[in-house]
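For reference, the structures are reproduced in the following blocks.
The two complexes that follow have chain A in common; it is paired with chain B in the first and with chain C in the second.
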Partner chain A sequence: MSEPVIEIAGLRKTFRDFWLRPVAEAVRGVDLTVERGDVFGLLGPNGSGKSTTIKMVLGLLAPSGGKIRLFGLPPRARAARARLGYLPELSYLHPFLTARETLRYYAGLSSLGRRDAKARTEELLARVGLSSVADRAVGGFSKGMARRVALAAALVSNPELLILDEPTSGLDPIGTRDVKELIRALAKDGVTVLMTSHLLADTEDVCTKIAILSQGRVAACGRTTDLLTRTQDARFTVEGLAETEARALADELARRYGKPVSFDHPSVPLEKFFAETVRAARG
Partner chain B sequence: MVESFLLAWRALLRGHVLTALLALTALAHLLLPAVVRSDGTADGGREVFLRAVPGSVYTVLCVALLACACGLVARARESHRLALSVVRPVSAGALMFGPLLALVAVAAVVLAFNAGLTCARGGWTDCRHVYAPVLEPPETAAQRMLKDILANPDTPKEVRSAPRHRLLSILVGREVDRYESILPGKSLAWEFPAAAADVPTGVVARIRFSTQFNMRASLSGQVAFGPWSASVSNNTQSVLEIPLAAAQGRRDRPAAEAPKLDFRNTGRSTVMLRPRRDVEVLTPADSFGMNLLRATGEMLCVIAFLCAFGLFLSTALSRPVAIFAALVFLVVTEMAPAVLEQYPETLDLPFTDRMGLWLSRGVAFATSAVSGPQPISDLATGTCVEWSALGHAALVDAVVAPCVLLTLAAYLVRRRAAASRG
Partner chain C sequence: MRRFWALARSAALEALAEPLSAILFLVALLAVHLLPAFHLHQFGEPGRLSRECGFSALLVFGLVFATSAAVHSVGRELESGTAATALARPVPRSLFFCAKVAGVLAAFALFLFAVAGATLLSIVTSEMGRIVTQGDVVAWGPGIAAGAGGTLAAFALAALGNAFLRTRFCVGACLLTALAQPVALAGVLFLSHSPVPWNLLPALAVLALGCAAFVAMAGAFAVCLKPAAVSAVLTVAVLLAFISPLRAVMPDINRFWLVDAFAGGGAPAPADLCAAAGAGALLVAFWLAAGSFLLARREIP
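Then we have the complex of A and B:
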């Protein structure tokens, strides 16, 4: 088995005031392992320690205790930083730069050669659908467009590990769907993704593993399907079944197994319905 | 480093900082000459123009770029943009040196524009080397004086019991301001560096005479320096520039002998002067244009130091606090030497005043990189900005000090990149 991409053991973070008195214990002994190719969702209510954990993984904060390894290296090691991409919760772009200059800037910081940086910039601009506005200052972009630029900036170094903080924040449903498809495509290409999101439906759609943090501790962790599937229950979908036939079938199953049986009519996810409606309206 | 340079350069360019500074420079050259008044002489007019116009541009540039430097990193950190750069495989040092180069590039463009407009005005005179007498260091003289004082049995007990370093500090101040008296009919001579006499012509002696009670009195005398001499007849308390001409009967000094400036008092009253402050020999140097070039280089070095200091502050402090601290730094930089000049140390100084003096001394030492070079003053007085002074400024202000400050800043920038708590 290959080495884990992220290995966190006994991670703790206590914020202290000027006199070094503890003010808040944000993370209290987190253990996590993210394997290559995982799309790992870090969930939790506000103040549960998600952002602090992410900042420690990125090397922006020093842990008070415990160990973090990225590709077997400390988070602040340049070799580790060379292999990761980061999308923060808000896009934080330099408003006076154009989209193309923004990507070139981050490509340059990621040690890409001039020619590679140029090619990668153009490829990503096309991938996030911003080629036509590449020479406009990002300060004038909508929130969604800025988000796409930030996502492209996170991808510019061809990272092996992508850390996404609320990746769909500020995007419309179509943008959200595009980002989710992009995450799936990246995972398919072997990119490991660690993401946080408050939108549980989005997390459920794309994450292969999740961890739920509460009060600085891991409350639950595992494969998404394992955690969410209720194996003791069963649900059937029968196409073209009328209401009366469905009710009769439910009664029959209840009589036969002596257990309560319920049924409902499947609905199309709103995201899919929205996308189809908009596509139809555009002709 | 190229990326962080380009980023900061674009920020300064697209934030209209460069445009505003160029416009201010043009306005200063257009409007200030009509506002400031000189003493009516050509020399006075030139001096007033140089102090008022390029001097104002230099001051505004220092303050503006210091404020920009204080804002660059602090703003990036507060807006979380710094974290996005820090997580890339780039050294924090590269993130700090790029902005410094961009700020220096802006300063270079504005100073070049300023120098171009100044040169275009025309009517400038060549600059001159300024030589001071070759005297033993004041500290050595102070040591000798202290030895004599302590050996004297009449020395008061409170002087004997005073700390040695305080006595030395007082005596150094006394030595710097020590007057020498020249009685009527007598002469006094001071040695000068050999280079001062290695010119064919155009040597000038600059002397300021005093009397015992600092009153204006008439003086007359004969000044001689190497093969040149001149008569002087004027008043005390004025700075006299005495052009020396080849004198008949005076021979060239032997090569091994240091040239001496000799003053013979032919007047009726005793005159005094401070050899460390009041006697100088001026010799022709090169054109005003070359001097302006060197002075511009010196200004650029000082600005490089200030920008590095601003960047350092901006990594450690929030933007308004960094700007406030930087402006306080500028003020104390200008004040400390004046405090030391105005308040010499004495034995009966109260403790609080003594602490103030020590603090001023510390500040003056720490800020000597900024307060030391006086490019505008040198330009205005026609003093040659020596290549050695420019080299010293380049080494200390533009290389060593920024490297130290930005290394510290690079250490801080990683620690403080995540400005807000998660």
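Then we have the complex of A and C:
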């Protein structure tokens, strides 16, 4: 088995005030392992320690205790950070730079050659749908457009690990769906993704593994399907079955197994319905 | 090197893109260009008022421009989160800090270039005035027109660029006004053939090095203090710099202020210039090292 991409053991973080008195214990002994190819969702209510954990993984905050290894290296090792891309919770961008200049700037920070930077910039602008506004200053962009620029900036170095803090924040449903498809496509290409989100449906749609943090501790962790599937129950979907036939079938199953049987009619997810409606309206 | 260049370029652009920068360029240059009009107050020597005010403009407006840009570039980036997105990449913190300060110093070098050009033109214009004022006719009109008119024309050109080509107005205004100064000087010299006091330039560069030490200091304080607190600390530092109780680490302004040596046709001794330049470079290096040290230990929320 290959080395984990992120290995966190006994991680703790206590924030202190100017006089070094403890103010808040944000992370209280977190253990996590993110394997290569995982799309790992870090969930939890506000103040549960998600962003603090991510910032310690990025080497921006120093842990008060415990251990973090990124590609087997300490988080502040340049070799480790050269292999990751980061999308922060808010799209922190220089407002005076254009979208194209922003991507070139981040390409420069990743030491991409001039020709590679140019090619990668144009490819990503097209991928996030901003080619037509590439020469506009990002300070005048909507929140969703700025989010797309920030996402493209995170991808500019072709990272092996992508850390996404609330990736769909500020995006409309179409943009959200595009981002989710992008995450799935990246995962298919072997990119490991660690993401946080308040939108549980988004996380459920794309994450292969999840961990739920509460009060700085891991409350649950595992494969998404393992955590969410109720193996003791069963649900059937029969196409083209009328209400009366379905009720008769339910009664028959209840009589045969001596257990209560319920049935419902499947519905399409609102996101899919919305996308289809908008697409139809646009012709 | 690519990382350094990317960070320094963005810091320089950010410094010039601030509206305050364009205002300071405009006010400082117009003030220097209009001085020859005060031909009745020459302090006993034509050109002296222009020379001393040119140095003062560099010191006062330059310090305000460059230190505020350094605080913005380092402090506000750490506060706003743009620094976090850069430092999450393979960018060493010392490189981040040094590149940011270098970018601000590059913008300050443009200001120095503009003020130096304006000061030389203003002195030449004052000399032209001296030639003719004996007959109660002053000849500073063309010099002032070239200097002030060139500066205003540069702003107009920047506005046209912004309107029709969507170029950044403030950046364009700063760049074009800086370029306008040597053009105006060359135009006036073509008409008058007056001597140009080129020996002022090393003394201006030494004063700029003294200012650069304050810029690096502002950046270092901005790593650990809020922008308002940095402004307070810098104000105290500048006041202390005039009485120089802490020469080892505080830029002693008297050491970099060599303009007095030009009085009565004199010039600063090369040894004084070299000593002041060396002290300035050492102070810049000290504050760059201090800022890098502080940033390496700072947590970035």
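Everything below uses one rule, namely that the second predicted complex is superposed on the first by the 283 of 283 C-alpha atoms of A that agree within 3 Å, B and C clash if a C-alpha of one lies under 4 Å from a C-alpha of the other, contacts with A are read in each partner's own complex, and residues count from 1 in each chain.
To be clear about the criterion, contacts are C-beta pairs under 8 Å (C-beta built on N, C-alpha and C of every residue); 3 or more make two chains touch, one makes a residue touch a chain.
The structure displayed is predicted, hence computed values, not measured ones.
Superposition of the two structures on chain A shows chain C clashing with chain B.
When the shared chain is aligned, no partner comes close enough to touch A:G37: not chain B, not chain C.
In the superposition on chain A, contact of A:Y92 is made with both chain B and chain C. Touch criterion not met for A:G66: it reaches neither chain B nor chain C.
With both structures placed on the common chain, the touch criterion links A:P173 to neither chain B nor chain C. Look at A:Y105: by the touch rule set out above, it reaches both chain B and chain C. When both complexes are overlaid on chain A, the residue A:G144 reaches neither chain B nor chain C.
Using the contact criterion defined above for the overlaid structures, shared-chain residue A:G29 touches neither chain B nor chain C, since it reaches no partner. Once the two complexes are laid over each other on the shared chain, residue contacts for A:R81 go to chain B and to chain C alike. Looking at the shared chain after the overlay, A:D135 reaches chain C, while chain B stays out of its contact range. The superposed model built on chain A shows that, among 183-191, 237-245 or 327-335, the segment of chain B colliding with chain C is 327-335.
Shared contact residues of chain A with chain B and chain C: 55, 58-62, 78-79, 81-82, 84, 86, 88, 90, 92-94, 96-97, 105-106, 108-111, 137, 153, 157. In the complex of the two chains, the chain A residues touching chain C come out as 55, 58-62, 78-79, 81-82, 84, 86, 88, 90, 92-94, 96-97, 104-113, 135, 137, 150, 153, 157, 163.
Taken together, the chain A residues at the contact with chain B in this complex read 15, 24, 26, 49-55, 58-62, 76, 78-79, 81-82, 84, 86, 88, 90, 92-94, 96-97, 101, 105-106, 108-111, 137, 153, 157.
Contact residues of chain B toward chain A in the complex are 2-4, 6-7, 10-11, 14-15, 79-81, 83-91, 414-415, 417-418, 421-422. Here chain C touches chain A in the complex through residues 2-3, 5-7, 9-10, 13-14, 17, 80-82, 84-92, 166, 168, 171, 299-301, going by the rule given at the top.
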